[in-house]
Amino acid sequence: MNIVVCLKQVPGTTKVNIDPQTNTLVRQGIKNIVNPFDTYALEEGVRIKERYGGKVTAISMGPPQAEEALREVISTGADEAILLSDSAFAGADTLATSHTLARAINKLKQYDIIICGRQTIDGDTGQVGPELAEMLGIPFVAYVSKIEEIDNGYMRVKRMVEDGHEVIETPLPTVITVVKEINVPRLPSLRGLAKARSAVIPIWTAQELGVDKNMVGLSGSATRVIRVFFPQRVHHGEILQGDLESQANSLINKLREAKIISGS
Amino acid sequence: MEYFLNEQQKTLKSLARRIAEERILPVRAELDEREEFPWGIMKDLAEADIFRIFIPEEYEGLGGGCFELCLAVEELSRVCSGVAVSYAASALGSFPLLEYGTEEQKQKYLPDIASGKRLAAFALTEPTAGSDASAIKTTAERVKGGYVINGTKQFITNGGEAEIYTVIALTDKARGARGASAFLVEKDTPGFSFGKKEKKMGIRASSTRELVFRNCLVPEENIIGKEGMGFIVTLRLLDRSRPGIGAQAVGLAQGALEAAVDYARKRIQFGHPIISLPVVQNMLADMATNVEAARALTYAVARTIDSGAKKFTEEAAMAKVFASDIAMKVTTDAVQIFGGVGYMRDYPIEKMMRDAKITQIYEGSNEVLRSTIAFELRKRKARQE
Amino acid sequence: MGIQIDLDKCVGCGECLSSCPFGLLEIIAEKVYLREGCTFCGACQEACDYQAILIEAAAEAPAAGDSYRGVWVFAEQRNGKLKSVAYELLSRGRQLADTLGTELCVICFGHGINEAQQLIAYGADKVYLMDAPALSSNQDDLYTKGLVELIEKYKPEIVVAGATSLGRSFIPRVAAILKTGLTADCTGLEIDPETGLLLQTRPTFGGNIMATIICQTKRPQMSTVRPRVFKKGTPDGRRKGQVIRVDFNKQRITSRTKLLSFIDDITEAVKLEDANIIVSGGRGVGKAENFQLLEELAGVMGAALGSSRPPVDDGWVSYSHQVGQTGKTVCPKLYIACGISGAVQHLAGMQTSEAIVAINDDPNAPIFDVATYGIVGDLFKVVPMLIEKLKND
């Protein structure tokens, strides 16, 4: 079983601080981490390998420091990792990112299951998984919460929807995105950490992938950010005063007066 | 203080700390309350290769020594001593095999211990034989094809949870201490059962049970070393494992110290945090000094052992005595600094004080160890003259 | 497209540093350097008084826009009934279509759907209806191919769908096939008066930062929008429109994946998305058993029970109660947040509620910034008082 896990290195907190004077992001001192949802994807890939045999390859598109993220997943079970890095890839939206990842995965030639986390904590779009599937021309299942069985070229999974779960059967190869309910990611092992330290992580550039520069990076992006701003929160509210008993009473009265709840 | 750890040691220490903080910390209070064996954490330790560190590479281990074991035990103990001792006892249980086992025995048992698949334990103590270890009464009678063991062992750490036990029994009652031998007995061997689980003051996550042997037949290939070597095996094992207890005590004291400093900084009385009071500062200073001294002694002894020293009975005893005594003092002082809330079970500090006491008692009570140290001093002086 | 800092012109004044929304500029040896991640937004170029920053615009491809006309809304169904989000998008879509002076069409796939006239009443000019038994369960493959075919045939300039688990699953695939841009989870859709482009605003970094996005040359411009972001309008029964039945050709459109079963495991009595009042608990609730107190309050108010992420992560309540960035978006009349600090990821799921009550013993909890009424106090004292008062009155 050839398992590919796509991951992204993201800032370690979404609590990006705002400089109150300039109203801009403060990024100093924020360390980078593997996108948390991708750690679930990696763990599931390793579990599939343990259950059915095979190999887990981790791939990430990012700047050179994304290599740390790839080493981290080697310490928790990935057999090998590949970094896709090139200035031509910068500024990519999900369309361009998916294209780049698809080219890299095609270069691997063999793949049975491609696993992504459900979304990143910085972009939050959740679009790369499905777009990637389409570019590879293979089926896709989102929000997988359990892999029930893999047999005979098919995989049966349970996936989350708003009002319950669906059990879906998909032929391999396939792309899935996973939710955090699927597993508890393991800690690194000592042997894994030693392996990660000495691992050679190849870097594939635009040239090595043979991509058309108009299909990747900013040039390959269909969407563009034209403005960023900080959500204005205008505080219209009221902090009640007095002892708790009278606050509770006051609250009920106010809600009734405003006809938000019914009552005398 | 800098202990000059190499790359692998640093990795081990930080991974052990991570396991302690991410996996042990959230459940330690519950494990203590319910007196529940931490199987989940044993599994986490196994997956992270932490059981491999004290097994040689040829048996699927990572070939570390006493120093590495102490690093891991200290980090785990800093968060929960009960969990740490469950891990350390498995190391203890594997030492007889490591030192005196045959190649077949090592191949058969060590890989499973290294992978954490099976836990080990060591069984010496009996109702009549605590400090006076030679007063054991469990017998191992030679029969065709093996030995039949009869007797009861008491207060065995990992009793009931471990699957591989090293049991010290008398093969020749007439020869006293020289008539004891060491045997490997697996759980589920007919005639081998467990008594009730003890209810303890502290290290309540650890399982302590009686082992009951009634005509328990073990095959002859399960003897460790030769007949009569029982106490050599025992003494050697205890020397080697005492720094581990030192590390357990150091970790425990370190956890208590950190908690006390944190509390003293936050607790406001008379308009100021209590850490600004000289009386509290003096306590904390003494606590910190003692913890560092115990740590330095423990790791110095560990390095001595790992360097291949032939004799280290005295130093190992010193590390255990000193570290356990200061752990008791540090945890008690920590409760004192916490004041009233320190007495409440909602706070983690009273558990640490309860956990500390046993370190002064087991693995050779501090009284016995002091007399061991004194004996070594006399012997050395006598030899010089 | 490229960005360059002319080090000769740069005087190292550092004005541009604070203008970069991503903090990518830094001063090294009195000159400015740019780290990776630039999106060419141009803020630094504007801030520089020395023209030291050059941004090369990409050679603009001729806008494909002109041949694409119309605003489309994809209406999702479950068991033959359209979801509320379809109507919410329809109302907003009507406004967008009116601004552009173009028609609004609704795309409906499913089986046994009889709401076409209702869709027209809510604003649709045309309803493309593909009704077949094979479409009764929401199969990604069938929907993807079906929608792509319709888009390729009729060429709408804008396509909007609900950011539901179905929407977030198959709409990106449609976008990938059409090689066009998709913006997920939009909280705002506007038409730029100058360019006629769809301005798509969405939260990033868990909601800490808002971004406005355009899809300049590719068509259609696609967006998904969370339920409850837009409000459902009022129907006008006199509106006229066309219902166009589209044939579902089983031979051409097949699904590779197979839906084996659906497990309905929603435990709550009142569904969160439809509830008028939600009583919600966070980390401050302390443990699983304590949620019973909130359930009692919910019972007395006829409310649904919600939760922020930590109680779900710790197993105190099931995921179906989770409100927030990776949970449900709700917009009830009243949202009562008990022991919830108000992290952005949670706010993302409930801040458009009509009225928000926050009960938290930390006066600095961010939840108080969005609360209509705030009580700084121990929820274990306040909630019983509320229950008492509501029962007795």
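Letters A, B and C mark the chains as written, and numbering starts fresh at 1 in each.
One rule holds for everything that comes next: a contact is a pair of C-beta atoms (placed from the backbone, for glycine too) under 8 Å apart; a residue touches a chain by one contact, two chains touch by 3 or more.
For clarity, every value in this text was computed on a predicted model and none was experimentally measured.
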Chain located farthest away, centre of subunit A as origin (C-alpha): B
Dominant chain pairing [most C-beta pairs in contact]: A-C
Identifier of the chain whose CA centre is least distant from the whole-structure CA centre: A
Separation of mean Cα positions, subunit B and subunit A [Å, integer]: 43
CA centroid of subunit A to CA centroid of subunit C, Å: 17
Chain centre separation (subunit B, subunit C; CA means) in Å: 56
Subunit A - residues contacting subunit B, complex: 186-194, 197
Residues of subunit C touching subunit A in the complex: 1, 18-24, 36-41, 58, 78, 140-141, 144, 164-166, 168-170, 172-173, 175-177, 179-185, 199-200, 202-218, 256-266, 271, 273, 277, 301, 319, 325-326, 328, 333-334, 344-345, 354-357, 363, 368-378, 381-382, 385-386, 389-390, 393
In the complex, subunit B residues that touch subunit A: 7-8, 11-12, 15, 18-19, 22-23, 44, 47-50, 52-53, 62
Subunit A residues touching subunit C - in the complex, by the definition given at the top: 11, 14-16, 19, 21-22, 24-28, 63, 87, 90-91, 93-95, 98, 118-119, 121-127, 129-135, 139-143, 156, 158, 160-171, 174, 179-181, 218-219, 221-231, 233, 235-240, 244-245, 247-249, 251-252, 254-255, 258, 260-261, 263-264
